[in-house]
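When the chains are written out, they are named A, B, C and D in that same order, and each has its own residue count from 1.
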Amino acid sequence: METQVENDELIIGGRTFRSRLFLGTGKFSDLDVQSRAVEVSGAEVLTFAVRRLNLDRPDEPNFLERLDLQRFTLLPNTAGASDAEEAVRIARLAKASGLCDMIKVEVVGNPKTLLPDPVETLKATEVLVKEGFIVLPYISDDPILAKRLEEVGAAAVMPGAAPIGTGLGILNPYHLSYIVEEAKVPVIVDAGIGSPADVALAMELGADGILLNTAVSGAKDPVLMAEAMRLAVEAGRKGYLAGRVAKKRYASASSPVEGMVGR
Amino acid sequence: METQVENDELIIGGRTFRSRLFLGTGKFSDLDVQSRAVEVSGAEVLTFAVRRLNLDRPDEPNFLERLDLQRFTLLPNTAGASDAEEAVRIARLAKASGLCDMIKVEVVGNPKTLLPDPVETLKATEVLVKEGFIVLPYISDDPILAKRLEEVGAAAVMPGAAPIGTGLGILNPYHLSYIVEEAKVPVIVDAGIGSPADVALAMELGADGILLNTAVSGAKDPVLMAEAMRLAVEAGRKGYLAGRVAKKRYASASSPVEGMVGR
Amino acid sequence: METQVENDELIIGGRTFRSRLFLGTGKFSDLDVQSRAVEVSGAEVLTFAVRRLNLDRPDEPNFLERLDLQRFTLLPNTAGASDAEEAVRIARLAKASGLCDMIKVEVVGNPKTLLPDPVETLKATEVLVKEGFIVLPYISDDPILAKRLEEVGAAAVMPGAAPIGTGLGILNPYHLSYIVEEAKVPVIVDAGIGSPADVALAMELGADGILLNTAVSGAKDPVLMAEAMRLAVEAGRKGYLAGRVAKKRYASASSPVEGMVGR
Amino acid sequence: METQVENDELIIGGRTFRSRLFLGTGKFSDLDVQSRAVEVSGAEVLTFAVRRLNLDRPDEPNFLERLDLQRFTLLPNTAGASDAEEAVRIARLAKASGLCDMIKVEVVGNPKTLLPDPVETLKATEVLVKEGFIVLPYISDDPILAKRLEEVGAAAVMPGAAPIGTGLGILNPYHLSYIVEEAKVPVIVDAGIGSPADVALAMELGADGILLNTAVSGAKDPVLMAEAMRLAVEAGRKGYLAGRVAKKRYASASSPVEGMVGR
């Protein structure tokens, strides 16, 4: 029995993607490394903080300038916002600048962990959905909050694996899988990923996609890591679709020897 | 800084491999699924129990008959042996049959866990190395035993991730990485792998290769899983070479917002 | 250097406790086992669902009837509530019955995981604090939500280790320790504990107390387990105060042999 | 149903102990702290390196001099040995000095991890058992080696939780529990423990006892930690005997609300 994976597409807010890897554009050592990492990652969605765009200084060099933006879907985020109001304002600014009607809502609740504020995130999402945005809220891994966001119209939910930039991997696989089980919108794991194994695990738990930034930009060789991550997303996705063996406490021989010669 | 990975080859006992995935041939539902799984896995080394070969009944159908054996390196194993003497006898039988001078020494010490016997494995390895075999012993994850085996001439060591066929994944990443740190011969993780994430993690810990059987043959879709595993080996290997970010307890913003407009 | 632990008291809402173990009274096989488990646990705070009290049928037998209620602080909970309004109503009912002005707010957001609804829990807490209740909200392990609850006047926060009754233990030690680091009110770990080791770990992470129910009532021998849990709370608390050794990747001899005879 | 734990004794080599905590005497900051830690730990068995005894300089101050040795069973170890021959020699030296006929065989195979050499440990054990010693070999967590040692007459087996002095805790709970399941002699977990939670977990997995050193001597407050560890051994032991609840993926209410008023 084989699974059909020919048309394994990810659809968010009416847009269709072949790649399940979203890439953040921040923190690369230089724009050349950034553009090559983007290239080999196969990412179709790029994220960035609206506030880094220097929207009021259009003639200054821009961190996105090396990228052929026609090829990518831009997913601006509201990083820097510490409440719903600020997030809404940043989102409107992005839209007014002609960037995109997709927005990643990011409302930080603590400067040390950068963990998101659940209540303000829900508020901002409600407002922006009503204004017609395609909203992807970044959240902690609270399964009930994920459901509430879906109910107010989020186009996807983006639970963190661990705090932003920590590289700790998936701190709570249970919560992530509870979110996946209940979700009717795509689940994109965002933040805290450290390595390809983390990515594969997230996909095997049923995540629909992964957003990475530090894990790529902070690797010793970001371009090679971008390629590793692309492969890991595919490996994890196919592993999920292929249906892994159950875990067992005791062994079973893969080279069974019953009825063999020479015994 | 980018790592050169063009010639990232695995060399064992003088043989050079491009693929780092070894595949067991047992327990597939049928030979067609087996041969297609082998194909998409990209494996160049295939393992099987000598005792399953029915060497005394050459005209009966054979589980290897669908495979173009010129394209693969065969790695017979001594499954079924419960002491060194028996393992040595099986290895000699394999050689006499013209199979191969590579042998995976497998001496099981307990029928419930199928965990290997360290002392008998060491004994068999010593004998077979002296007889000119290229010996790859299957062991538990004991770092000191791994070193002793290398010292007596093992061409590689094959620590288990977990008991055979359990799919539990890497039970002790510390032991695996201690083995890798000290090893001067290749380390092939063998047994207990459940999913692509396990494979990627093993490779990121510095393993040189992976031997799989149940994780592929026991998946709902073995062919798709074989492909997932091939991708996972590559993802983990590239992740290892690319140098992952350090883990940190606290966050660091991937979308830094200092000096931004609008604050 | 020794820590003074003579007066290691837990203070919540102005009440002082010597024991850091709160015990739920539900699901015991019979009232005799319940009362003996309560006894050996050393618990000073007992929890129960207001709705189980049959407040309208005062002459029926009552699950609390075997307990000398003068010796305990009763902590009624709002189990059964699925939104803030309902939780508030149950809390008022409890107060009107003369039960207590302490209330554990429990607003379930999903019938399968019984995980709490963050938004409704925050709402109910705000309302009840204003009405003069001593409010202990049961939450998931979201560090930001824990802080928000403290800010609106919660007397303690009660993050779950794992979903109620699962016995999975502390799914996310990071989140629990982030909560502890930021909290100015006591942190009582509630739900999901399975064994004494889980209890000790929670206390070592800095929790101020533990609420148990299923882990005791569902053990084969609930009375013996109640004793084990009492010891585990003390072990973990003392371990926390004593300051554990740092984790290291490599060994250091506890029997150093430098300058020894016979070498 | 209640378990009888009145006579829960540990018997090793014909000796009976009430306490299941063995304490190492090395690395304490001073002898006063050492003796008080020993006192509150409740330990009846004390371990130390034979080589630290300065057996040839009997008038020099001795690290055991503060202890009333009549009250304790001394368990000298062969730390410093790097092969079987050396371990045997040290054991004989201990016996000749009238110390004890119990010996902990410790043969280190690597200076960085201090992990034990399985083959030399087995050899030394065989020799010493034949010479009439009560032998407790320190091993890694290899289940088959544990069985082989029992078969040659070890009075107990002492698998490490993690490398000596690392405080990493139980790296492989599966291996530890496989050892316990098969063992007919007591299993004493030795080395690598960091905190009371680790101790409780080891006991819950069915270990018969725990040997600690660094986790106590290296704590900020060693005396308080010694007490915490005593409590943790009891908590874990009682938790094991009481029979913990099964782990479940989904919740079950501890405050069931069916048939309640007010719904």
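Simple rule for what comes next: a contact is a pair of C-beta atoms (placed from the backbone, for glycine too) under 8 Å apart; a residue touches a chain by one contact, two chains touch by 3 or more.
Chain identities (UniProt): A, B, C, D = Thiazole synthase.
Keep in mind that this is a model prediction, so the values were computed, not measured.
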Copy pair chain A (Thiazole synthase), chain B (Thiazole synthase): interface residue numbering same or different (half cut): same
Identity of the chain that, by mean CA position, is farthest from chain C (Thiazole synthase): B
Centre distance in Å when chain B (Thiazole synthase) and chain C (Thiazole synthase) are each reduced to the mean of their C-alpha atoms: 46
Where chain A (Thiazole synthase) and chain B (Thiazole synthase) are represented by their mean Cα positions, the distance between them in whole Å: 32
Distance between the centres, which are taken as Cα means, of chain D (Thiazole synthase) and chain B (Thiazole synthase), whole angstrom: 34
Residue list for chain B (Thiazole synthase), restricted to those that touch at least two other chains: 113, 115, 163, 168, 174, 249
Every chain pair meeting the contact rule: A-B, A-C, B-D, C-D
Footprint of chain B (Thiazole synthase) on chain D (Thiazole synthase) - complex, ascending: 109-110, 113, 115-119, 122, 140-145, 147-148, 162-163, 168, 171-172, 174-175, 178, 182
Interface residues, chain B (Thiazole synthase) side, partner chain A (Thiazole synthase) - complex: 1-3, 5, 24, 26-27, 47-49, 51-57, 77, 79-80, 90, 93, 106, 112-115, 163-169, 191, 194-201, 204, 213-215, 217-225, 227-229, 231-232, 234-239, 241-257, 260-263
